[in-house]
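After the structure tokens below, expect a handful of questions from me.
Letters A, B, C, D, E and F name the chains as they come in the text, with residue numbers starting at 1 for each one.
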Amino acid sequence: MIFTVVVLGAPYSSAANSTALRFCRAALEQGHTLKRIFFYGDGVHTGSSLSAPPQDEYKLTEQWQSLIRENQLDAIVCIAAALRRGVLDADEQQRYQKSAANLSQDFTLSGLGQLIEASATSDRTITFGA
Amino acid sequence: MIFTVVVLGAPYSSAANSTALRFCRAALEQGHTLKRIFFYGDGVHTGSSLSAPPQDEYKLTEQWQSLIRENQLDAIVCIAAALRRGVLDADEQQRYQKSAANLSQDFTLSGLGQLIEASATSDRTITFGA
Amino acid sequence: MTSMLCISRHTPSGNALAREALDTVLAAAAYEQDIKLLFMDDGVWQLLKGQQPSHINQKDITKNLSALPIFGVEEVYVHEPSLQSRGISRDSLSLNNVQLLTNEQTQALIASQQHILSF
Amino acid sequence: MTSMLCISRHTPSGNALAREALDTVLAAAAYEQDIKLLFMDDGVWQLLKGQQPSHINQKDITKNLSALPIFGVEEVYVHEPSLQSRGISRDSLSLNNVQLLTNEQTQALIASQQHILSF
Amino acid sequence: MSTLHTVNKSPFTDNCLHSCLLLCTNEDALLLIEDGVYGGTSQSPCAEDIRAKIQLGVSVYALKQDTLARGELQVLEGITLIDDKDFVRLSCEHQCIQSWY
Amino acid sequence: MSTLHTVNKSPFTDNCLHSCLLLCTNEDALLLIEDGVYGGTSQSPCAEDIRAKIQLGVSVYALKQDTLARGELQVLEGITLIDDKDFVRLSCEHQCIQSWY
């Protein structure tokens, strides 16, 4: 089956983020397709490249990055939600004249149309709320 | 009176962040002292220099920055909470070999001892929970 | 066209969910999907007349709500028991063309969808 | 010394509040303040025996809890009605040296403090 | 010493107002902020408890800005609407502030 | 078509399990995840409602990892503990997934 996954919880703050990661892994292991993972609300912090948890803790953002890279997943961070919360790529850094960009290269900033398009072409949509 | 203010809610995500800002303003207007504002939990995102909300929206992080600068307030972002959530200053950027720093210059990363020390030397401690 | 239902269950000002739900609905309408919107639980407070969120430096969600028909979102539903338990009368809603649903009607609405967007 | 009370009311694993409350208490102890810790509402789940948060890739809060006496935090209180309504017996708590408080005793504890740290 | 209790969640969703009322003594004050102001409306699940507390001498307040922001709410009789300055004043008048959220 | 309902909040704090049970039909399935697993314990405020739903044929599940993580919980009879793979399977078996949070 083809899934669209919506993640609304931030890593380290909300259990939803970690549940979503496990769900995505399990879906892939069973041979399903992840059409798109859409990070929205506080979930946009998943795309931050700056997270630095203590060594003895689970590296949630790194785990997301590996999952996305190894499976060549389409991971979209909602641009409107991300800009408010201080998650930017190089283009937006330039546009808003900010001092840095912090979006991990495994993620792409884009609009809500990406969520709708993915949903419309998937068998299932599942939301992980914070 | 001397106040210690604890902010646990993130800007744009939690009403608590905006309530805390208004409380701090009102306290200063009435001649009270803010010993320290301690940003903890998701409140650490208040210190992000990268937030870029739409033009027609209230700029919460900018408002915090002005308040802190104009009143020379002591604004501490909890370092442990911030590192997990991807809020770093230049020192931590170097230590963790990250690509950027994103802590606004009006804030300082430090430990929970700063919260306790402030509380112990204040008349009142108030928490704004998310 | 895919049938989608956005369920919006949270207060207008406590966090960003209400606004994010509405933005999602408008995006679906722009994408010409068969999008419906259901308010229930504390989400029904979003419909209350007379909101002045400028007092807390927020934008008024009511403007976006009233734009729904313009963007082609015709089906806006409200879970009536949620209104009743909060003492909100139909007259005090800022939107006129909403359909009030009983529990059974809400169940039927949910059961008829292909996708749910949960907010 | 300033009398401080940390009130911890949230579940151990749903968000970061439980851990952040505990870290605050340990910091206060390190700073040699008169810090007390009160569990109530869903915060009492933090004390339940047998937690295995490694299943959800989280660290075990119970270790930090058991370190409280070592760090000089002697006064750990539990709101007994919160335990009772959740069906948690004293035997199923991971900490032995906690004091169970009635509503009245909890009120008296809160009233005797100089500062409350609310989590 | 008396305590100022703040509550910032809707009692239609969250039980923290209920917990607060359980521990709020007659010397204390209760301030409803943010979504907590829904707790002070006429059909609030805690309406009876709030009325009883007011009868017992508890001062109950709601933040005016938060109330106006949320529309035409029917606020219970006996609840005083206050602004941010009053919030600060109440914080001074009470020894401790417990935030329920 | 049937719906899979997920609930991730403790019913001792949040009312979303209650709302879910109100709209969960006999063809639907209910999965308790994260703090939602507290809702499936013997003293849960929704214990009676859950028992009634099970009687009516609703399949009620709790995520095993979340249950084990939270300690020695007394899970109600009739609730099946499942793992992440079962969660995915349930998502396939039902047309829609409504997340209550």
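Note that in this section contacts are C-beta pairs under 8 Å (C-beta built on N, C-alpha and C of every residue); 3 or more make two chains touch, one makes a residue touch a chain.
The structure presented is a predicted model; accordingly, all values stated were derived computationally and were not measured.
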The chains touching both chain B and chain E are C, D
Ignoring chain B, which chains remain connected to each other?
one piece
Is it true that over half of the residue numbers where chain A touches chain B are used by both copies, so same, or is it different?
same
What is the chain whose Cα centroid lies farthest from the Cα centroid of chain A?
E
Note, CA centroid farthest from chain B's centroid sits on chain F
On C-alpha atoms alone, could you tell me the rotation angle mapping chain E onto chain F? Nearest 5 degrees is fine.
180
Could you grab the centroid distance between chain A and chain D? Build each centroid from C-alpha atoms only and quote it in angstrom.
33
Can you compute the centre-to-centre distance for chain C and chain D, using the mean CA position of each chain? Integer Å is fine.
39
What is the distance in Å between the mean C-alpha positions of chain C and chain F?
25
What parts of chain F, by residue number, touch at least two of the other chains?
8, 12-13, 15-16, 34-35, 65-66, 97, 99-101
Sequence positions of chain C contacting 2 or more other chains:
13-14, 16, 41, 56, 58, 115-116, 118
Counting only residues that touch at least two other chains, what does the list for chain B look like?
8, 12-13, 15, 19, 22, 41, 57, 80, 84, 124-125, 127, 129
Pairwise chain contacts, counting only pairs that touch as defined
A-B, A-C, A-D, A-F, B-C, B-D, B-E, C-E, C-F, D-E, D-F, E-F
Name, in rising order, each residue of chain D that touches chain A in their complex.
13-16, 56-59
Residue numbers on chain A that touch chain C, as the complex places them:
4, 6, 8, 40-41, 80-81, 84, 111-113, 115-117, 119-120, 122, 124-125, 127, 129
Residue numbers on chain F that touch chain D, as the complex places them
8-10, 12-13, 34-35, 38, 41-43, 64-66, 68-74
Which chain F residues qualify as touching chain C in the complex?
1-3, 15-16, 19, 22-23, 25, 27, 95-101
Parts of chain B lying in touch with chain E, wherever the complex brings them together:
1, 3, 8, 15-16, 19, 22-23, 25-27, 29-30, 32, 123-130
